[in-house]
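Each of the next two complexes has chain A plus one other chain: chain B in the first, chain C in the second.
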Partner chain A sequence: MPKSMSVVREAIAGDEADDAMAERAAAVQVAAGRNVLPIVEGVVLVAALLAPLVLQDYLTVFATRVIILALFALSFDLVWGYAGIMSFGQALFFGSAGYGVALLARDLDITNIFLVLPAGTIIGLTFALLLGGFLLLGRHPSSVIFVSLGTLTGSYAADRLARGWYYLGGQNGIPSIAPMTLGGYEFSEGPAFYYLVLGILVVVYLLCRFLVRSQFGLALAGLRENEQRIAFFGYKAQHLKAIIFTIGGAIAGLAGSLYAFHEGFVWPNMVGVVVSTQVVLYVLFGGSGTLIGAVIGAVIVEGVSFWLSDNYRDIWPIILGVLLLLVILFRPLGLISFVLGERERVGSFGAKPNENKKPGKEKRNAAP
Partner chain B sequence: MANAFVAAFEILSFGAIIVLIVLGLGIIASMMGIFNFAQGEFVLLGAYITYLTYARGLPIWAGMVAAPFVVGALGFVLEALIIRRFYAAPIVAMLGTYALGLIIRESVRGLIGGFYLTVPEPIGGSIDIGAMHISAWRFTIIVITLLVMGGCYLLLSRTSFGLRVRATLENPSLARASGISTPLIYGATFAFGAALAGLAGALIVPVFSLFADLGLRFLIQGFVAVMVGGVGSFIGPVAGAGVIGTLSAALPWVMAPVVADVLVFVLAIVFIKFRPQGLIAGKGV
Partner chain C sequence: MPLLEAAGIKKIFGKLTALDGAALTVGENEFHGLIGPNGSGKSTLMKCIAGAEVPTQGKVSFVNTDITAFTPTERARAGMSLKFQITSVLPTLTLYDNILLALQAQSSLFDLLFSRTRGALHDQVMTMLTQFRLADRAFDAAAALSHGQQQWLEIAMALAGKPKLLLLDEPTGGMSLEERRVTGELLQPIKKHCSLVIVEHDLDFIRDICDRLTVLDQGKVLASGTVSEIQANKSVQEIYLRRA
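Then we have the complex of A and B:
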């Protein structure tokens, strides 16, 4: 009897440990059920809205740059986090749009916001359509490696071209771009520019959010998880990829044109490998596959690097490398996965069956 | 005539340098399926070690001999600690090795500052053939490249180690079943690839001088060469490197350097798109 008692006691002790585990798991599940995502998004939005009120002027300028980079990160997250296309050359679209609007402003004196921003978007879209169409479409599906190295090479080649082409300013790029205008109003660095950029980010974010939660977005998430299976379902996987790649390029172009006007100059690094890898860092840190993760990642990486760059300029890239390695090894889903359950990330958002059954929509997305 | 000869020599020597750099990259990519973004930094480390021995007053060739061993040992350790976790996911491996490369590159940048440090050529002077002068050191690089290439080929095709490596590449589970320790083979292969990069760095540092982005400069060219040549064999990447190196050295002689620079990459990507298996398809040596 005593023996069995002790067994029972042990079992109870074990149960307690199990209970704790289960409770934690349940907490995670409840959290997932409660939808942490909107809370996180709301907090970030409120913080972003209030930021210029508490920040000093030069910090507002910095915050504007971060918001633009967050927009850029969003474009990469769509491509990598949702569709699983490793675009190591996202800066190609960012930078070429920047160069494009810089040339518009320099040679044609066009700075009207309603002209330059669409122009930048279209430049990004066109380049992405060309490069993405070439790399992704075709008789044989391209390997992941080929696409990632192809985009990397494209970005590197663009960098070299920008460095060597006198018309584009060579090594120095194009300095002192005229400010963006709206009628007689000039957008100079400061709160007005900040809220403009924030507004654009929110609009684009909502559009992306709508997109990834549609049937199309579910198919994309499926592509990331298992491309072959999605293809067997009858989706044209390559077309889906090319479409999302192009959309990503358009958003990157929008961000690039804002960046060019905000900084007032463009230089070859903007199309090159440096910026391309930077955006990868943002998304990996924040958490790929959640739109908000990309935004948070951009804010954290840029914020910390701004904060450290005064005193620790030399060792900051080393710290960044170590952190990146740790994230890749131990938190492949990024920092956001500390608060967000896997369920919210992958795309179980449909859930309510009667909502998801819209045959017309399904059909349209199935054969784009 | 003399001009054409000098041009041919320049092209050949640059081609040899690219081949030397791609050797390690190609072996790691072909035998392990990993595109090692840290390879450029292994090259950089090899160059840095050579510089260190030179700065300490030791003979330069001592540094050149030491570099492959030190870098190879580092590669072995890194493989065991980090790279090993990435085999299942090639993209994650890219990102992970990129992070590793970032750490190494920025550490070296911190150590040498933003300078361009020169290391003299251990074999200076020039070889005179009639009226033509060619750099003796560049000539030595060509010779060493040929020797290393031949050595690697023999190692992979003729020795029992090479047989094990190829077996592991072809069918890991069968290799394990036959009593080959695949983790050890992977470690050794990665270390070997790293050592070749270290050697490349040590040999080219007198030509290009030492700066933190030395490796980065060649990395993308190396990747493109590997893809053009074809992943999976030893000969493939070497052939690709020969083509890419020759093209990038030869095209600037016939057109504007900027256009030539970009054209090489565009041509290479188009080629890979329509021939994904590369110049030399198939697995093996």
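Then we have the complex of A and C:
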């Protein structure tokens, strides 16, 4: 078994443990009122920090890609798992940012990390603002179908546009993008790039965690459960959705620009439906509505396909497909639900009165 | 000037005329019952007032403002609140968070993001939960409540934003006799600061708590007046006898 798999194993902490055991673990956790989530997050972080030390070089490169995709998965998780907006076009923001920074590097020789990453983020944000504004900000709430087809169409159209547009390299995309730089230093594939993206993932993760644990997160929980109900309370539900959609777009843009520089090329698939679907699978597989679930989902799906494609060259997509179906069928809340109880997943947004008065005691918080 | 005035409300769904020129006037601090046989258009009229449905024709005024074209959010912000017929508390959230969610509906984004409101709202949340006899369940998920308790939670949530007008669609549906009695008790104190429109099948309940009644039949107002006037009204007696 490749070493990457051992990371993957650690990450999920009992991925292959049998159902009954996991159920019991979850039950014990609920009974004890303990917080499992910080433990899972800690384990994943430690595994991620140690990975390059134990992995062969080519696997570190692979792991870097996976971390970038995990960042991308976070963006979709915010939008779908927290706000309940079915975006089938998340790759539009990922890929357009990728193309954007590729053009900056190719045509303007701009590769400074402090310019290209903000530029990619802004590109993702802008596209999400435009598309989200159009799809979500009508006077009356838009239907789920309208939004999912709208985002899907956006992504599909961008794919076709990129394929046909000579300036963007047509079918071949933009190859040989110059490396991202910091002063005289060039970020090439390897541990430095890995730790850079890991650092960015951690920062973005913490920001998202803050967001979803705040009272804004409570409003999002209401939005996800019953949009109409919270509108009748006086919440501007469509505004909330547009805001979270835009934040999601910005994070996808950040991930896309990192991806472009890491891979060294961008191609039409990156804005298209294939990558849009991929990110949906990460989040469904890992567990939507928990931030760590999205990260774990990206790691597992990518790790498993990497391993399968090595060992079952011809039929691996079928095996992966069946695995995904099984998880979605039997664990609709994703792999994370093996260790995480429903109560902790949804979380609490108001502290208990006695906990308010005793600062020493651990506060009950929302699950990120 | 009445608090709420709905006039000439027509609502047509395809070939079905649900409301045919219905009207409703509610004064300040008035408990107003909306009754009528099944299919008479009570719920539809409520929805047109609350903004869940847009009337085909007619005008709804609230606090001297024409709100016919307002979205539900705008109506809520103007001081109107609705309890749905089907309970729609948020089942996975705790009772505490359900109330907190309702209380913060008009907070600014900045306040929400930095949770500046949470600490200050604690007493208010607990007061509301205590008022509706739910304080000991504060940190249970709302899904764990009995049907009657969910209805109370929902009324508490609807009242959280301190509305001027509360619209209650069948608040005692599925409740036991005892729960109905308690619901009546729970509603009495809000009269000081809030008017009420209540759709209800339980006529005893309505009679006990309402000041005025409006009777709908086939989308039209059959009669409107004080409880004793309505009880004495011949045509009202007729439709209820016909039904029985």
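Heads up, the rule we're going with is that the second predicted complex is superposed on the first by the 316 of 368 C-alpha atoms of A that agree within 3 Å, B and C clash if a C-alpha of one lies under 4 Å from a C-alpha of the other, contacts with A are read in each partner's own complex, and residues count from 1 in each chain.
Everything below uses one rule, namely that a contact is a pair of C-beta atoms (placed from the backbone, for glycine too) under 8 Å apart; a residue touches a chain by one contact, two chains touch by 3 or more.
The shown structure was predicted, so the numbers you read here are calculated from the model rather than taken from an experiment.
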- Task: Could you look at A:H140 and tell me whether it touches chain B, chain C, both or neither (first, second, both, neither)?
- Result: both
- Message: I'd like to check the shared interface: which positions of chain A are touched by both chain B and chain C across the two complexes?
- Response: 140
- Residues of chain C touching chain A in the complex: 50-52, 71-73, 76-77, 81-82, 84, 88, 90-94, 96-97, 100-102, 104-107, 109, 111-115, 117-119, 121-122, 125-126, 139, 141, 157, 160-161
- chain A contacts chain C in the complex at 139-140, 211, 214-216, 218-219, 221-222, 225-226, 228-237, 243, 342-343, 346, 348-353, 356, 364
- Message: Using the touch definition from the top, list the residues of chain A that touch chain B in their complex.
- Response: 86, 88, 134-135, 138, 140, 142-146, 148-150, 152-154, 156-157, 160-161, 163-165, 273, 277, 280, 284, 314-315, 317-318, 320-322, 324-325, 328-329, 332
- Note on the structure: Per the touch rule above, chain B residues touching chain A in the complex are 35, 82, 85, 90-92, 94-96, 98-103, 105-107, 109-110, 216, 220, 223-224, 227, 257-258, 261-262, 265-266, 268-269, 272-273, 276
